[in-house]
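First the structure, in the form of structure tokens, and then the observations on it.
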């Protein structure tokens, strides 16, 4: 009565693909737990990742990092290599941001996740970060997927903005096939005709991915909407739909942010949201990881 | 810092449209409550509408209607004029279904909502139904919108499968402009490249519509996904995102349903869902209308 | 080696639809020719339809009608019932435009095509027009399709802006099934993420529809782009892709047009285009109908 | 009266981007000509690129290469690093294919274009190929764009399957900004809701890109449709819409092709198509480069 069935490994053949072998769920209860320092994604607890879109300075990173930790974030996000539409936009601090990553994770005792786009930077970044993000614009970048499949750090794999669920799962398969089973899937909005939001958050992807695949599934409500005021609503919706975590952009001075200020929550609004999520998680039979 | 602002009545001018005048929210607290018999949509309580996609027979209608009422549905849905892709598919009982509508609402003391596609049928259907649905395929049908703007029954307006938020609001404006202010907006999934689900439920539409417009907003998780097993997840997500209600397809024998069986919940699963929704509504500071 | 095969009447079953019975091509050479007064669509010659988006006045209609006839248009287009996004936009002259239709077709000895949205207007409009257009926003309006299936006028059926090829063909099947075989299909752009153009003209639809179906296929480059300067390029592309005709918006004073001025060609540019199309048609082994 | 205007360098600001500086057209006549060995793209003549999707063997490459050269192709295409959805699909000959590239370009005296996905392979591939392709899945890969901006080989930049025209132009800007002005833009179909074709060829992109930008614009009708029988129709449409060239997949044994056989033309059908294109080019005031 429904199209996808985890017991049917042949389903992808309908689309002309060979079947998934590794990331597809084989039993009702199969689940992978991905550990990032002390945080466990895909287990019973819900993990919140938060931080600025881009790392801009020591002061900015400290202000935001401290506040999101106090509010209960278990992992700090912060980009240093930014995939911008225009070459004239701020491209991130690049290599200079690496020391800031190392510094903040030690100071706050909080693991950090950051995006890598260039396979030549991977080894270097692994020395400064706890989790490697593959961004939406590189989900189809198979050499990069193959490369992160060979490291021993967990990977946050974002769905391509025009990737089908099948393609998303195969991107994860590229990584796991190379030996790295610590992969977290992240729904972050797809490109549709609707322009009121930056992307269209595909809320259905959450139950679908969790049914088809044993990897943890989290949601990025910031890129998924492009509007800070919408982030709390989408965060709650994501948890209610079964997400194992969230990655949320927070900025203490969003109007001056060098990137994506319009979709960043102020720290006090993030604090309020965390309180609301705690109650919601309970109703879902889970709790927010602390 | 965000594009849409209810205080800015001129925003639609950006798209070349004259501004909305009636359905746009003018103050922070402005809200319309739509009354369907005793049920109030858009107030503090959440209203659940449930029933079969199509009315097939007296027996089917009774079996499903009784069970959804017992589970807590406040309004019964049931189509008699069905907009099918193929002319060779079951088109609904047509006029013969009208007596069944009158019979069931009286027997169960439950208001009914049913779709009208042809303006020539509107007066007749108004004698048998409590709420008139304008389906996704007719959201742009301006003569029909103008016509339901002149009746004294509440209207359930579904978003066109390729309608932007702006276009959706203007469709509501067509109705309200004619004098009928009792309009409920329904997000039911939009057409995107993703084919794992029948449509892509646009969860962001809920907070966006509630910010821009004072009309109640409900969600159809059945058409929004096309998979019955996904309906509970999307129902919870919709409530968490601020929806004022849900419209859910329920069938007691979905494999033999003449329409959309694959997305219909069995009555016992609907019962379980209702219990879950009660707890979730509480966390959201609301309750399920009884 | 390709998905669609006209010899396989069962293909739609893959999508859960009953098969097409009437509009699908059964032999390599089967073709329907639709006659609108003297113009023959679907035969060896290419038919150009042109005129204003909306009829605004006698003077406007005369100026435009005369010029497009002189340039070689075989059918005059002109809307009197306009499906506008906003109820505050010009809705067309409505019933008052009917006499203008009758007048111009007689004065210019040119058949006219106009859109009908309301089934209650159909009989009336048939007295004044030679061809009835079903617009993109009403392609899924099955009562209207059923109604035009019972008249004895040719029908111009526009593709819904979010309709798949399958759904488009089934809409035509609704009409033909009722007895009216004089149906012309019109590709007019689909809704996608790209916003540089008003819609995305689906050029592939032309060879695909002609392979699957025996009805004539024409293209609307005006709505398909939304930019007048792009119309000549898309017109030529459509002919090169095998289209049987074009429907082009022309206005003598586009900056003051009450509807869609930005996508309307000036009469002299339309004249230049017609000359170019004549040469192109020849290379395609056809000619522009005169 | 139209949105895009090459004289308005500020237009991208509407989308929050800094303006284009280099690839945007500043005068009516500004045009860049890209030279690949003797072939000139963007000049008066139309250049046809053809060859297999993947290079599979010496025999295959010779058979196809010889036939497309004889038919008039000026550049040979052939992938050795293939971006496949599944890691279990054929990934190309990888480094082993490099010698085949060098061999065939010398044997046939025909320049070759091949895709690079990994910046670490770029220097190596430049020793064996005449033009470097950046594929649709890597259009947003800014480190790769930056890297090809520093070589002295022409670049064939394919539009991302979900990239807007703005994003496409900015990707080209990344390359040109680094000093490499020899960039050819390639429209290859975008992702939409329509599934009858593999992608939806955006024919409007051709006149739009040529109006906004001075770089040559070519079209890939093979990926744009996914159906070999549709390739001739789309090829003709592309030329009629103003394209400066085509890149067409040809295979002598498509049912046994290791990649994309269903969209590959047989050599004799390619030969017929070339004859037709010659006549069409003439009507467009151009000719096929020989």
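Here the chain labels run A, B, C and D in written order, and each chain numbers its own residues starting at 1.
Definition applied: a residue touches a chain if its C-beta (ideal position, glycine included) is under 8 Å from a C-beta of that chain, and two chains touch if they have at least 3 such contacts.
Note that the structure is a prediction, hence the values are computed from the model and not measured.
The minimum number of touch steps linking chain A to chain D comes to 1. For the pair chain C and chain D, the fraction of shared interface numbers is greater than half, so the two copies use mostly the same residues to meet. Inter-chain spacing, taken between the CA centroids of chain C and chain D, is 33 Å. Between the Cα centres of chain B and chain D there is a gap of 47 Å. Shown for chain B are the residues that touch two or more other chains, namely 162, 166, 191-193, 195.
Here chain C touches chain A in the complex through residues 191-193, 195, going by the rule given at the top.
Those residues of chain A whose C-beta lies close enough to touch chain B in the complex are 1-4, 162, 164-166, 190, 192-197, 200-204, 206-208, 211, 224-225, 227-230, 233-234, 236-242, 254-255, 261-262, 279-280, 282-284. Here chain B touches chain C in the complex through residues 12, 17-18, 21, 81, 83-89, 91, 117-120, 137-138, 140-143, 160-162, 166-167, 170, 173-174, 177, 191, going by the rule given at the top.
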